[in-house]
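First the structure, which I've put down as structure tokens, then a few questions once you've had a look.
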Amino acid sequence: MSYTDLSVNIGKLHLKNPVLLASGTVGYGNEISKFTDLSKIGGIVTKSLSLKPRKGNPPQRIVETPSGMLNAIGLANVGVEAFIKEKIPFLKELNTTIICNIAASSIEEYVECTKILNPVDTINAFEINVSCPNVKEGGLIFGNDLNSVGRITEMVRSATNKPLIIKLSPNVSRISEFARIVKEEGGDAVSAINTLVGTSFDIWTRKPKIKNVTGGLSGPAIKPVALAKVLEIKRNVDIPIIGIGGIMNWMDTVEFMIAGATAVQLGTVNFINPNAGVEIVEGLHSYCEKQSIQKLSDLIGSFQL
Amino acid sequence: MSYTDLSVNIGKLHLKNPVLLASGTVGYGNEISKFTDLSKIGGIVTKSLSLKPRKGNPPQRIVETPSGMLNAIGLANVGVEAFIKEKIPFLKELNTTIICNIAASSIEEYVECTKILNPVDTINAFEINVSCPNVKEGGLIFGNDLNSVGRITEMVRSATNKPLIIKLSPNVSRISEFARIVKEEGGDAVSAINTLVGTSFDIWTRKPKIKNVTGGLSGPAIKPVALAKVLEIKRNVDIPIIGIGGIMNWMDTVEFMIAGATAVQLGTVNFINPNAGVEIVEGLHSYCEKQSIQKLSDLIGSFQL
Amino acid sequence: MYIEKSRVEWIKNLLPDTFLLRVYSPLIASKIKPGQFCNIKVSESDFPLLRRPFSICEVDGEFLHFMFDVHGEGTKILSNKQKDDVIDILGPLGNGFNYSGDYSTAIIAAGGIGIAPFPYLIQKLADDKKVISFFGGRSKNNVIEYGMKNLLISTDDGSIGFKGNVVQLIESQYSQFRNESVRIFACGPNPMLKALQEFSIKNNIECQISTESAMACGFGICQGCPIDNADGDGYYLICKDGPVFDAKMVRL
Amino acid sequence: MYIEKSRVEWIKNLLPDTFLLRVYSPLIASKIKPGQFCNIKVSESDFPLLRRPFSICEVDGEFLHFMFDVHGEGTKILSNKQKDDVIDILGPLGNGFNYSGDYSTAIIAAGGIGIAPFPYLIQKLADDKKVISFFGGRSKNNVIEYGMKNLLISTDDGSIGFKGNVVQLIESQYSQFRNESVRIFACGPNPMLKALQEFSIKNNIECQISTESAMACGFGICQGCPIDNADGDGYYLICKDGPVFDAKMVRL
């Protein structure tokens, strides 16, 4: 292997390489660690946490679609308290960056979660999920409302000095406007994208295949959309971008970085190849060698139009 | 074959069956007629027309993606005049419903095109493309702006008494708001969806694979998104919906009708199987027989939540 | 748990749409227990995207056997595999049947392709256990007897064996083993499992059921495979906490 | 134009990554002309989504031959076809070479897999035409001679034949046919076609080039395959107006 420098910085957050595992697709790290060496990747983003535990949506929660899948897990999670008690001890030993993802039903809940989690040393950064399409408390989907996203960023910012990443919804006309308000309100980076709203029906029963009716579309099917969103942000707002959506291999990772991503997250691919993260890190090394790239970070936003 | 009634009505437009071929994926009918009997399907929607001919975007215009494709044709078309002179005579003989699609760069151009085309008997209805993501004159993408869509509907409505269908952009947060304004301004139906904005890069040259940088994503990859948009409109606005996006076969067609579509349009599938329309009509017949459905239109919006 | 690239040794038909697949998979073979499953990538490309879960049917030294029905595109691709093709298998996954302990008679209850996990279970059952197997199918053309012991058959149309479903057949035979200490092992469609759950609870018989659900990962990271716990106030994950549950633990 | 489900008769290697495929396709065989192409669905499923365009390589009675390089996923799938597999072929498409008329010598210029359309063209050329074929490849391991006549070879590394590219080779041989009435038929990578275009225009030689582009439909409905016309004020569609153009008609 070469000595290429794969490290990247997301604001003040230093990652040894740009490969993160996405929230909701790696649990709290323990199950996937049986298949892969988490110390070799850039970091993991924990399943979205809420203040209280959530049991999530009734089955059926997932369905396969052409080159993708729909999910409506409903943010099933153990809640912040159990997370600190039961999950942090394991995460602490992983020797990788831990980004804690928070999803809440109100601005107050976001702030409260952040305050409780902030003192935990093991947590290196926060990712705020304003964009989960599968929970509807309060009726409002924050992620599609510019003011809400601004306000959440501002309030959470005032609750922590750790790197703050806002995970954006793709289900909007101009995602760059959301990135801009994140930047203005002091966020350090944006993650793009969360899942696209989708659905699917059984033509014999006429019932939705997913009990929640709609779910979030992920996987290779959405990669072109995700890339376009990353590119749109890159061309309009000066803020680090974590690219997400349909990444299956190192080629996809390079593509996202060319389009403007500083780092990437792997979601659906973890279900199919839980060792994908490590394989991608290896693939990035040999790509850089072939292309005589000394610092992988030179690739970020290096598109030639 | 059974005697199931496959006919549907889109406002005052009567279709012998709900299978239409989508704009931009059937040209002006002549090439595809070598592979399929256009008199057996519900109708065809012509390639988007503008006032003057457009040569379209430079190559590369298309690229395959997982279960989908990106295109940036740039609305290459012969212009309304040549259309009337050169294309109408062929369309006239087809014995199927002809829906004329118009795309323009200004509200005035929409109205002008409609006025010129309105007297042509062969044209049974208009579909207004407010949502092509691949042309940018004026900088504004009409389709993502509620006021523009309302205004275009209003103005074109006043220029024709023929059935008026507005083809909506999926690249918005709440597509049903656009459907609502179409209804309020006198549109007879909405088509949903046009393509999603996407892109793709070559990782060796770092150039976009599509010269236009971004393109429109179509094909099975977008089907779950399209279905969710149709469902959203159906649950919120009382207007006929023409469902489009990733339909490959009769099962997909049934799925769209269950989700709320009165008719459907086939796009990308025509490139792969130019006889798909006729095969779908046959498939609908046997589905109805198996399910003892006497009138296919009973299926519309028959989802069981 | 391993991700093992496994060479196909052979594949053969048991019925026109039911296959038995033999693969060389020494790592998984050395660890897997009856009732556990593997998540199989049926193609080298990204299509179909997700793995497909299959119960372990039999272990023969360093070889695994899977028994499967052609259902949709994924199982069709799997059925077209040929000798020396390599498939990517992730496993062993889930818990298995708990077949040790103090009972005299093992009742096997299989509905259709639900028979898949039982050849291995029967192999592993201690010699001192009596085994009675029940198989329920639609008609005599759907009957699978592979790897069964003391087999009684029911068919919906009565074209062979008992006319009715497999739970009715078991009930009709209940007097036979009423006074023995029995443990039921069941796998099949949900309505069957439900009927058996009621039957076993009513008669206070130990009963283990192998459940199914759509799955993405198969090992606990996607949360895609919930099943109601008995109280209905929370979920188990079928892939991690199951697929085998004590019938009293879950709400079907 | 037909959509013909065509049975594979055989497939064989010409080079490790170059294949010759023989399919039974009587309808298309009865109509197709040299330089035309077919759009082939390489799998029964929706993956890969689009058809793949291939030039007609040879027609043998009711059989079609295609010659292709494994390039990506689609051609890999095609290369794995076996006898009696059925593939769905749409064709004939495009125009072909115009090889009739008043010239004495046909110069064939093939770059790599660009040789594919020429066996059929050579078959069809009238007996009174003299044929000189030129093939350019990277090295001696990439040379294809299938179906050629009076073949001269160039390789980039000089490992066999002329050292240099195929256009340089043709130029070096130009004195040979300078005084004959010549028509060039060319297919290969764009830089090669461009060099040949210049050469032919400069020397006032008739030259027909077979061009390529990403394609969705292959028959004129998607507008996905434009090529600049010579004036640069409009496009031709490669699938419909081409793939063969007079070198003077297009801007490469």
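Here the chain labels run A, B, C and D in written order, and each chain numbers its own residues starting at 1.
The criterion applied here is as follows: a residue touches a chain if its C-beta (ideal position, glycine included) is under 8 Å from a C-beta of that chain, and two chains touch if they have at least 3 such contacts.
All of these numbers come straight from a predicted model, not from anything done at the bench.
By mean C-alpha coordinates, which chain is most distant from chain A?
The most distant chain relative to chain A turns out to be D.
In terms of C-beta pairs in contact, which of B-D and C-D ranks higher?
Answer by contact count: B-D.
Could you state the distance in Å from the CA-based centre of chain B to that of chain C?
Roughly 47 Å, centre to centre.
Once you find the CA centre of chain B and the CA centre of chain D, what distance in Å lies between them?
The computed centroid separation for chain B versus chain D comes out at 36 Å.
In whole angstrom, what separates the CA-based centres of chain A and chain B?
Once rounded, the distance between the two centres reads 34 Å.
Just how far, in Å, is the C-alpha centre of chain D from the one of chain C?
About 54 Å, centre to centre.
Counting only residues that touch at least 2 other chains, which ones in chain A make the list?
Within chain A, the residues that touch at least two other chains are 66-68, 219-220.
List, in ascending order, every residue of chain C touching at least 2 other chains.
In chain C, residues 46-47 touch at least two other chains, as defined above.
Which chain A residues qualify as touching chain C in the complex?
24-27, 31-32, 34-35, 47, 55-56, 58-64, 67-69, 71, 73, 76, 219-220, 248, 268, 270-275
Please name which positions on chain D make contact with chain B in the complex.
It is residues 1, 3, 41, 46-51, 90, 213-228, 233-235, 240 of chain D that touch chain B.
Which residues, counting only chain D, touch chain C once they are in their complex?
These residues of chain D touch chain C: 45-47, 73.
What does chain B use to touch chain A in their complex?
Residues 65-68, 70, 144, 171-174, 196-201, 203-208, 213-215, 217, 219-225, 227-228, 231, 246, 251, 254-255, 258-259, 287, 291, 302-305 of chain B touch chain A in their complex.
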